[in-house]
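Before I ask anything, let me first share the structure, which is written out below as structure tokens.
The chains carry the letters A, B, C and D, assigned in the order they are written, with residues numbered from 1 in each.
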Amino acid sequence: MVVIVELSIIPLGEGPSVGKFLAHTVRALEGFGVKYEVTPMSTVYEAEDVEGAFDVARAAHEAIFFGTEGRVKRIITTVKIDDRRDVEKTMEDKVRSVMEAVEAEEQN
Amino acid sequence: MVVIVELSIIPLGEGPSVGKFLAHTVRALEGFGVKYEVTPMSTVYEAEDVEGAFDVARAAHEAIFFGTEGRVKRIITTVKIDDRRDVEKTMEDKVRSVMEAVEAEEQN
Amino acid sequence: MVVIVELSIIPLGEGPSVGKFLAHTVRALEGFGVKYEVTPMSTVYEAEDVEGAFDVARAAHEAIFFGTEGRVKRIITTVKIDDRRDVEKTMEDKVRSVMEAVEAEEQN
Amino acid sequence: MVVIVELSIIPLGEGPSVGKFLAHTVRALEGFGVKYEVTPMSTVYEAEDVEGAFDVARAAHEAIFFGTEGRVKRIITTVKIDDRRDVEKTMEDKVRSVMEAVEAEEQN
């Protein structure tokens, strides 16, 4: 089983630049050894199941409070889970199926 | 401590009406005894901490797979957590602080 | 036709409290005369169509930059649109259909 | 000026596989000539301003209703806009700033 997860973490009140905070979340993901991809708007990763998906999200969220030693007072975290149980689809499978459909359309 | 959570669960592939599926998630929330509110686009609830927030979300998500006896094959669930650690704000506090600011603006 | 819209506007870098900024967005909604509801995590409103939905969202987003006279430098705005074209469902209809399904479940 | 946009379009009720529908949205993006990237959970693109960001999102949303000739009856579309006005950041800049912060952390 695999679930695909999109994670967006927004620390409030510490200036408009948040890249340095998000580094803590990426390092948390690396600590779990999950396959992940940083996109321009979020971080996408694979988990074995919903429980694992939320465990990683929670660690990534806490990593910012911890890594900034309490300087960040408020975080808004959004976790989107795509849980499909008829067939297994990896992160790459999902992108490929969209792009193949685009190509098929373009040949019509 | 209190964290505010917005939960949106979208079951795919079982027709455009999903209210009957979402009933399973509401009943899961009631099972946990959390304070919740059904809005036109999602369900908002309070949890004691991030772990509790995700435990409830996971139960609500699984409740649809379970409650439909496997008929639903894919669910996209979005959990947004507002975790504020400088002051404690309930669901009511958050709405009130926006509405008070609106009133203050209107008196200017 | 009616589309239901959930709007979340997060101004970054101006402290953890954002209620006073969100007042600008609520006043923008009032300026449009749309039916709206402030929830603990977002603002929900009705629009006649997708174009109208985005016009209101854009005005609400700009209202913060404008209302704070450039002090806010970055805003992350999320607009979720529920566009259903088989039957017309208002904000109240959507909440009611979930709650009726909950009651039906509970009587089983 | 550049705003970064994350677009997620979920057609309800037409089976668990939605890649073939999302092809219509990608082709709409190509019609606008915007720079875009298909991620496993959404599509990210750049627009010149908020108005342009929503114009593209609306076209991508309508493209599914149109491309499926009315078969899809309900679509839930989420548009997240990152609008930063102190410095200009492209899609690549945003990923790079996170990854550079990760590297800096790892060298500590």
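Everything below uses one rule, namely that a contact is a pair of C-beta atoms (placed from the backbone, for glycine too) under 8 Å apart; a residue touches a chain by one contact, two chains touch by 3 or more.
Because the structure is a prediction, the values reported are computed rather than measured.
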item: Interface with more contacting C-beta pairs, comparing A-B to A-C; value: A-B
item: Chain located farthest away, centre of chain C as origin (C-alpha); value: A
item: Centre-of-Cα separation between chain C and chain B, whole angstrom; value: 16
item: For chain A paired with chain C, centre-to-centre distance based on mean C-alpha positions, whole Å; value: 25
item: Length of the line joining the C-alpha centres of chain A and chain B, rounded to whole Å; value: 20
item: Residue numbers of chain B (touch at least two other chains); value: 16, 73-74, 76, 80, 82, 84, 86
item: Interface residues, chain D side, partner chain B - complex; value: 10, 12-16, 18, 73-74, 76
item: Residue ranges of chain A touching chain D (in the complex, touch as defined); value: 4-6, 8, 16-17, 19-20, 22-24, 26-27, 37-42, 44, 80, 82, 84, 86, 91-92, 94-95, 97-102, 104-106
item: Sites on chain B touched by chain A in the complex; value: 50-51, 54, 57-58, 61-62, 65, 70, 73-86
